[in-house]
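Here the chain labels run A, B, C, D, E and F in written order, and each chain numbers its own residues starting at 1.
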Amino acid sequence: MDKEMFEKGLAIRREVLGADYVDNAIRTADDFSRPLQELVTQYCWGEVWGRPGLDRKTRSIINLAMITALNRPHEVKMHVKGALNNGLTKDDIKEVFLQVAIYCGVPAAVDSFRIAREVFKELGI
Amino acid sequence: MDKEMFEKGLAIRREVLGADYVDNAIRTADDFSRPLQELVTQYCWGEVWGRPGLDRKTRSIINLAMITALNRPHEVKMHVKGALNNGLTKDDIKEVFLQVAIYCGVPAAVDSFRIAREVFKELGI
Amino acid sequence: MDKEMFEKGLAIRREVLGADYVDNAIRTADDFSRPLQELVTQYCWGEVWGRPGLDRKTRSIINLAMITALNRPHEVKMHVKGALNNGLTKDDIKEVFLQVAIYCGVPAAVDSFRIAREVFKELGI
Amino acid sequence: MDKEMFEKGLAIRREVLGADYVDNAIRTADDFSRPLQELVTQYCWGEVWGRPGLDRKTRSIINLAMITALNRPHEVKMHVKGALNNGLTKDDIKEVFLQVAIYCGVPAAVDSFRIAREVFKELGI
Amino acid sequence: MDKEMFEKGLAIRREVLGADYVDNAIRTADDFSRPLQELVTQYCWGEVWGRPGLDRKTRSIINLAMITALNRPHEVKMHVKGALNNGLTKDDIKEVFLQVAIYCGVPAAVDSFRIAREVFKELGI
Amino acid sequence: MDKEMFEKGLAIRREVLGADYVDNAIRTADDFSRPLQELVTQYCWGEVWGRPGLDRKTRSIINLAMITALNRPHEVKMHVKGALNNGLTKDDIKEVFLQVAIYCGVPAAVDSFRIAREVFKELGI
C-alpha cells in the first residue's frame, strides 16, 4: 500500500461520502475485506478522485450516470448522497437521470429516480 | 411526431454531431429507419438535450462515461467527436475515461481510450 | 410535453399496468420525478406502445425477455403483471423465460422465474 | 450427447438459420469447438426452440430484442436473417427495435437498426 | 428430459449447493417452474459441471467472477456457499473478488464482498 | 505513481501478454493515454496480478470468463494469448468457455469461441 496515496484518498472519500460512513467502513473491515478497502481508498479515491482535472461536481455527475448504467443500486444510493455533499442540487440530479432514460433506457432511469427519492426522504430534503 | 420538438432537436443534433453527418443520416433514412431517426431526433435531442438544466459540455461528459459503460463503440466514437464540438479538450476526455477505468473496469477504459485516439488521429489533433 | 401523445400513452399505460398503480404514480410525482413520469408516459407508452405494428401480447413478450436481459427486477415484476393483463398465460411466460435461460444464461432465468412466482402468489393464481 | 435431441435441434436450426450456414458450422468444427456446437444444437435448438409453446415468429421476436439487449452484434445479424426465414417482415423487425430504443436505450437501437439494414442490403430486400 | 444426465446433474448439484437446498428446490417446483429445474439440473449441472476438464474448485472460482460480472446477487450468494463446499477458503474468495474490482469495476467488487461477508456471518465462519 | 509497484506490474504484464506487445503499448503512449498505461500497469498488474494468493493459470481462467461476461472482444483476444503464455491448454480454454455458455448465455460463448479460434489460427496452434 502506498500510504501517502491512501491518506490522500481517505480524506477525499470522507469529504464526499461522509466521515462517519467511511470511518465505519474502515473500522469494521476484517482480514477478508481490508484489502478491498485499501485498494478502493488508494486507487479510486486517491489516484482518480484526487486528480485535479475535473471538479467534484463533475465527478459526481459522471458517477450518477455511469453507476446507473452499471446497475448497482447500493452504489447509486451512496453516490446520490455524495453528489449532494459535492453541491449538486436535486434539479441537477434530475437532469442526469433524464439523460440516462434516453441512453440507458427507461427501466434504468426509473430505478435511479426511485433510489434518489428514497435518499431525499431519508435526508428530509 | 411533434414537428416543433423535432426541429428543435434537429438543430441541436446538427450542432453537436456535425451538420453533414446528421443531414446524411436523415436523408438516407428509408421507411425502415425513418421512425428511429424521428424518435431519436425528437426525444433524445429535442426533449433531453434541449433542456436548459445542464450545459452541453456536461451532457457530453455524461455520455462519454455512460456510453462506455453501455459498451457501444460506434456511439462512443460519435460522442467523442460531439464532445470536441461541445468544447471539451483532450484532457477533459482523458479524465472522464480514467474515472471509467475505476468504476466500469479496465477493459472498458482501454476500449474507450483506443477509440478516442482513433478519432483524434482522424481529425489530426 | 405533447399533451395529446401524453393522454394516448396514459390510457394505454393504465390498461396495461393497472389504473390504480398508474394514477398513484402520476399523483405522487413531485417536481423531481414529474418530468420522468411525463417522458415515460408520452415517449414509452404513447409513441411506442401506441404504435399499431405489434399487438400488446407481443409487446409484453418482448418486455419480459428484454427487461430480464437488462436485469431490472422491479420492472420485470411490473411487466409480469402487465403481461397477465395483456392476456398472456403463465405457460406463455414460462416459455419466454426458458428461452431467456439459453440466451441470457441460467442466473437471469432463475431470477425471472422467482419474480414471476412471487407475482402469481400475490395475485393468487 | 442426447442424439435424438441433437437431431431434432439440428433440423430446426437448419430451417431457421439456413442449411448451408449450419452445415458449414458443424463441418468446420474441430476438437476445440465441437462440444459447443453439440451443446448449442441440442439445448438451444432442440430443448428450447423445439418446445411447442411459442411459434417461431414469436421466438425470433424475442431473440431480436434480447440479443440486442445482450449487445452481441454477430448474433443480432444472424437472428435478423433467421427472423426473415421465420416469416417476419421488415416492418415487424422495425417495431421490435423501436421498442428496444425505449427500454435498452437509443444506442442499442441504433446499432441494431444499422445491422438490420446491412442484412437487408446483403439480401437485396 | 435425458433422465441419466438429469440424475448425474442432480448428484453434483446436491454436493455443491447442499442437498437440503436442492431437494427443496426440486420438491417445491410446480408446473410453471419444473421445466427450468429440469433444464438447469440436466444442462448446467450434468452437461457442464459434470465434465472432467476442470475441477470443482476451479469451476467455483469461474462462477464467483462471472456471476459478479453478470450482476446477479442471489446467484452470487449461492455460489459463495458452493465455493466453500467445494473447498475454497475465504482467502481464495477474496482474491477472486479483488481481481473483479480491477476488471469489472469497484462497485461490482463492493457488492460481492458485502454478499460474501453476509454468507460468512450466516455460516458463523 | 508508485514507481516500485509500476515496475513490478510491468514485469508481470510483459511475462503474461508478451514483452513486444507491452513495450510497444508503453512506448507509443502519448500524453493522452500515458496515465491509463501507468494506472493499469501499477494497479491491475502490480497490485492485483502481483498478489501471491492465486497462481497465474487461475488468474487467466478468471479473466477469460469475466471478460467474456463483460463483452469486451479486444480484451478477450489479448487474454486468450495471455492464457496460453500462462500455460493453459486449448482444452482448458474450451472448458472455461463451455461454462460461460451456461451462465452468460450462448451468444457470449459463441463470440469467445470464435475469438479463441482466430487466436489459435494466428499462432498456428
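Rule of thumb we're sticking to: contacts are C-beta pairs under 8 Å (C-beta built on N, C-alpha and C of every residue); 3 or more make two chains touch, one makes a residue touch a chain.
This one's a predicted model, so the numbers in the text were calculated from it and none came from an experiment.
K.L.:
Compare the contact pairs of C-E with those of each option in D-F, A-B or B-E, and report the one where over half match by residue number.
P.N.:
Of the listed pairs D-F, A-B or B-E, the one copying the C-E interface is D-F.
K.L.:
Could you see whether A-D or D-F has the larger number of C-beta contact pairs?
P.N.:
Between D-F and A-D, contacts are more numerous in D-F.
K.L.:
Starting from the mean Cα coordinates of chain C and chain D, work out the distance between those two points in Å.
P.N.:
24
K.L.:
So how far apart, in whole Å, are chain B and chain F when each is placed at the average of its C-alpha atoms?
P.N.:
Taking the average C-alpha coordinate of chain B and of chain F, the gap between them is 30 Å.
K.L.:
Show the residues in chain E shared as contacts by 2 or more other chains, in ascending order.
P.N.:
Counting only residues that touch two or more other chains, chain E contributes 39, 43-44, 47, 67, 70-71, 91, 94, 98, 101-108.
K.L.:
In their complex, what parts of chain B are in touch with chain F?
P.N.:
These residues of chain B touch chain F: 71, 90-91, 93-94, 97-98, 101, 105-111, 113-114, 116-117, 120.
K.L.:
Using the touch definition from the top, list the residues of chain C that touch chain D in their complex.
P.N.:
For chain C paired with chain D, touching residues are 43-44, 47-48, 51, 53-54, 58-59, 61-63, 65-70, 91-92, 94-96, 98-104.
K.L.:
Quick one: which bits of chain A touch chain D in the complex? Just the residue numbers, please.
P.N.:
Checking each residue of chain A against chain D gives 102-108.
K.L.:
What part of chain C is in contact with chain A in the complex they form?
P.N.:
30, 32-33, 35-36, 39-40, 44, 67, 70-72, 74-75
K.L.:
Mind pulling up the chain F residues that touch chain A in the complex?
P.N.:
2, 5, 39, 43, 47
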